[in-house]
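What follows are several structures.
One chain, chain A, links the two complexes that follow: it is found with chain B in the first and with chain C in the second.
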Partner chain A sequence: MFLKKTLPTIIAFVCGVTVIIAYFFNIPFFQTTAQEILKWQSVIAIFALGLGAINIIRVHSTNIRRAKGKNAYSIALLITFIVTIVVGVFLGQESEAYKFIFDYINVPTGSAIFSLLAFYIGTAAYRSFRAKNIEATILLITGCLVMLGRVPLGAKILPFSVPATDWIMSVLNVGGQRGLMIAGAIGFIAVSLRIVIGLERTAYGGD
Partner chain B sequence: MFVDGRIFDFWTLIFMTGLMMIFMYLARKGMKVTIRPIPGFDAIEEAVGRAAEMGKPVHFTPGFGGLVAATFAGLEVLRHVTKLAAQYDVRLIVTVSQPETYAVTEQVMRQSYLEAGKPEAFRVEDCRFISSDQWAYASGVIGVLLREQVASNIMIGQFAAESLILAEAGNTVGAIQIAGTTNAYQIPFFVVACDYVILGEEMFAASAHFAQDELHLGSLRAEDIIKGVSIGLMIVGALLFTFGNEGLVNIMIK
Partner chain C sequence: MKISTDIGVWIGALSALGIYSVLIKDNPFYTMVEHIFVGASAGIAVVVGINTFLNSAWSPMIEGKYLLIIPILLGILLYSRYFEDIAWLNRIPLSFLMGTGAGVAMRGAVESQIVGQISATMVKLTTFDSWIIFLGTIFSLSYFFLTFQRGKVTGVTSQLGRHFMMAAFGAAFGNTVMGRISAAIGRFQFIFLKWLGLG
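== the complex of A and B ==
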């Protein structure tokens, strides 16, 4: 109980209070300690990365074993995983081989996934732009107006759409977003305070 | 002694902490605090029940963020989902993007299965670390949703540009979808693509909603009062500024 709950709570409280004091006050001791705590955060995250790597190997080797070596995705993942680690560790991150993996495999595949967003915006808009009820109708009208106001052709078709779009984006949209942000920030602070004083059980892995 | 421009912030934090402590104390002494129903939270049991009826798994992800407040709120929901999954004998697959979140997530799942009386139901391979790269994480989650043909997809935590990609992948497999994030730019994507959305700060009511214990309820009441004070300050500040008085602004920037 002490190692699982009490000690982590004490560490979280001391670290949390130290960082808070360093944020508000110019006291050299707290400033230096807070910097050290933030460095330790990165060190601990690196240890967690090791746990993540073990999990990847365990999940995908189980997949391969269950599929009797026929799970192509898991085989490809484990091979690229090992190759990238070997290249990074033995040849270094500045090597041509590592740059090749990053520039010609990692970046293009990432961009490919990102590009899906354009198509998904279309499919999501198609489904949601149906006047099923009052809210959906307001969304449909506002969406069409903003789309018209954002394209050059829209100003020709409906000149009113440009000032209407500006007003919707700068008044309604910004107002709503700021409301969400302020309420979210208050909730954020409350959860952080509960973690520092040990009330938020999930931060310590449960009861 | 104070860092420039943080005097008002400091006293605001002291005020918030004090108010939370007072209301937690009052709630413990018997003050009644009720929470309005949050449809997204209430739909979680329906989502797990649907998965049980269909014999398919439930997918949960706390998003792309590290150990930030939104992720903790998501993990609080995960505790509840895990207990329901244990109760209904439904397979729960959890995908995680950040290594430090993975370590906490696995412990939360393990502990929740234990609390539900079914520690043997926890399978290590069902809590999956995908990648800390945003798009690798997105493609990994899409893969899990499509290959496992999940019946329910719950996404509550910190999300960025991958939110719509994940929600549309969930829609492709016909999953009932419950999503929540504090990122104001991603909420519209969830609203159009998911069945239930937990809006912004509603997420932080998760612990009070599920646990219903007096300390969390007291803290939630304090948050509501702080929101009321903030709205009051904004109205007074806007009026004063409109009439040329910058007194409140000058106090707040100190």
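== the complex of A and C ==
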């Protein structure tokens, strides 16, 4: 019972409180300990990355087994995954092979996936942006103005969209975002505090 | 038109075309490129993780910082989840990660999101814009007063706060769309200029 429930709560409390005290008070003991805790945290987090790697292998090897070796997608994923690791670990991150994978597979595909949202978000906006009430109208107008003001063509179509975009971004947006950020931070602090004092044990697998 | 003879450019261009092909319909070409991307990205993350581990934990430990064996052992405990009898052991490193993460997040939130934002708002209100920012912050904050019933004044301020937040959402939306479009333009430039050699 102690090891399963109380010890994790104590560990979370000690780590959280130490890190917080070290930040707000100039006490050398807490600062040194907090530095060490943060270093340890980054080491443990690396092991957590391994969990993800194991899950990928488990999921896709199960897919291959179920499809009796005919699941080309999972086979391709596992091959790319293993080849990247082998190249990165044995040839090094500075090797030509690793750079090739990074520059010609990871970056262009990632960038294409990232830009794919431009099409989806554009069509979704076209279908859902309706000036049904004041709030929706504000959203529609600011969204359209910012989109127009950010491209040279927009400036040709609607010349005032450029200064309007600048004003929206540096004034209206700041006002709304600040309230959101402060309110969000207060909520975030409340959740963090619940984790640190052990009220939110589900975060680390407790009840 | 001078098509590239670089194998890397071909792979990059075909990957991008594979991804964009989903705009027509979900198809095997897209799924294949997507899986290859996931494999490469996960592999890169693992390589970075291994190198970070070697540089920040393993090498210093070999050189005499023996205390680093503790986080390494805690990290290994994370894998206990795969063994039913000792699965509970992974709560120990998880509690370490969550406690420390919560502490770090808390101090970051206090500094940048509360103190930083409030001090940026508390400036001399000499211009129209500074008044708009100040009132926008106050109004949108008043929208989040959820612990008491809204009266006439707080009702109006929270309504105005919603308007400010909608303006902010609209601006964020417009910015996101333009960011994504500029990424798409970059890809099209790569396809048309670097791969196909047009222009």
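Remarks
Just so we're on the same page, the second predicted complex is superposed on the first by the 160 of 207 C-alpha atoms of A that agree within 3 Å, B and C clash if a C-alpha of one lies under 4 Å from a C-alpha of the other, contacts with A are read in each partner's own complex, and residues count from 1 in each chain.
In this section, a residue touches a chain if its C-beta (ideal position, glycine included) is under 8 Å from a C-beta of that chain, and two chains touch if they have at least 3 such contacts.
Just so it is clear, the structure is predicted and the values come from calculations on it, not from any experiment.
By the touch criterion defined above, A:128 lies against chain B but remains apart from chain C after alignment on the C-alpha atoms of chain A. Comparing chain B with chain C, more residues of chain A are touched by C. With both structures placed on the common chain, the touch criterion links A:159 to neither chain B nor chain C. Contacts of A:25 after superposition: chain B is touched, whereas chain C is not reached. In the superposition on chain A, A:168 makes contact with chain C only, while chain B stays out of contact range.
Of the two partner chains, both chain B and chain C are touched by A:192. With both structures placed on the common chain, the touch criterion links A:17 to chain C but leaves chain B unconnected. Applying the stated contact rule after C-alpha superposition, one finds that A:72 touches chain C and leaves chain B untouched.
In the overlay built on the shared chain, the residue A:48 is in contact with chain B and with chain C.
In the superposition on the C-alpha atoms of chain A, the part of chain A touched by chain B in one complex and by chain C in the other spans residues 20, 23-24, 44-45, 48-53, 56, 73, 106, 109-111, 113-114, 116-117, 121, 125, 139, 176-177, 180-184, 186, 188-189, 191-193, 195, 203, 205-206. Across the complex, chain A meets chain B through its residues 20, 23-27, 44-45, 48-53, 55-56, 58-59, 62, 73, 106, 109-111, 113-114, 116-117, 120-121, 123-125, 127-128, 139, 176-177, 180-184, 186-195, 199-203, 205-207.
Interface residues of chain B, counted against chain A in their complex, comprise 1-3, 6, 9-10, 13, 16-17, 20, 66-70, 72-73, 75-76, 78-79, 96, 98-100, 102-104, 106-108, 110-112, 115, 124-125, 127-129, 132-136, 138-139, 143, 161, 164-165, 167-168, 171, 182, 184-185, 187, 189, 191-193, 199-201, 203-205, 207, 215-216, 219-220, 222-223, 226-227, 230. In the complex of the two chains, the chain A residues touching chain C come out as 3-4, 7-9, 11-20, 23-24, 36-54, 56, 72-74, 76-85, 87-89, 93, 98, 100-119, 121-122, 125, 134-136, 138-147, 150-151, 165, 167-186, 188-189, 191-193, 195-196, 203-206. Only residues 8-9, 11-13, 15-16, 18-20, 22-23, 31-53, 56-57, 67-68, 70-72, 74-76, 78-79, 81-82, 88, 90-107, 109-110, 113-114, 117-118, 120-121, 129, 132-141, 143-144, 161-178, 180-181, 183-184, 186-187, 190 of chain C touch chain A when the two sit together in their complex.
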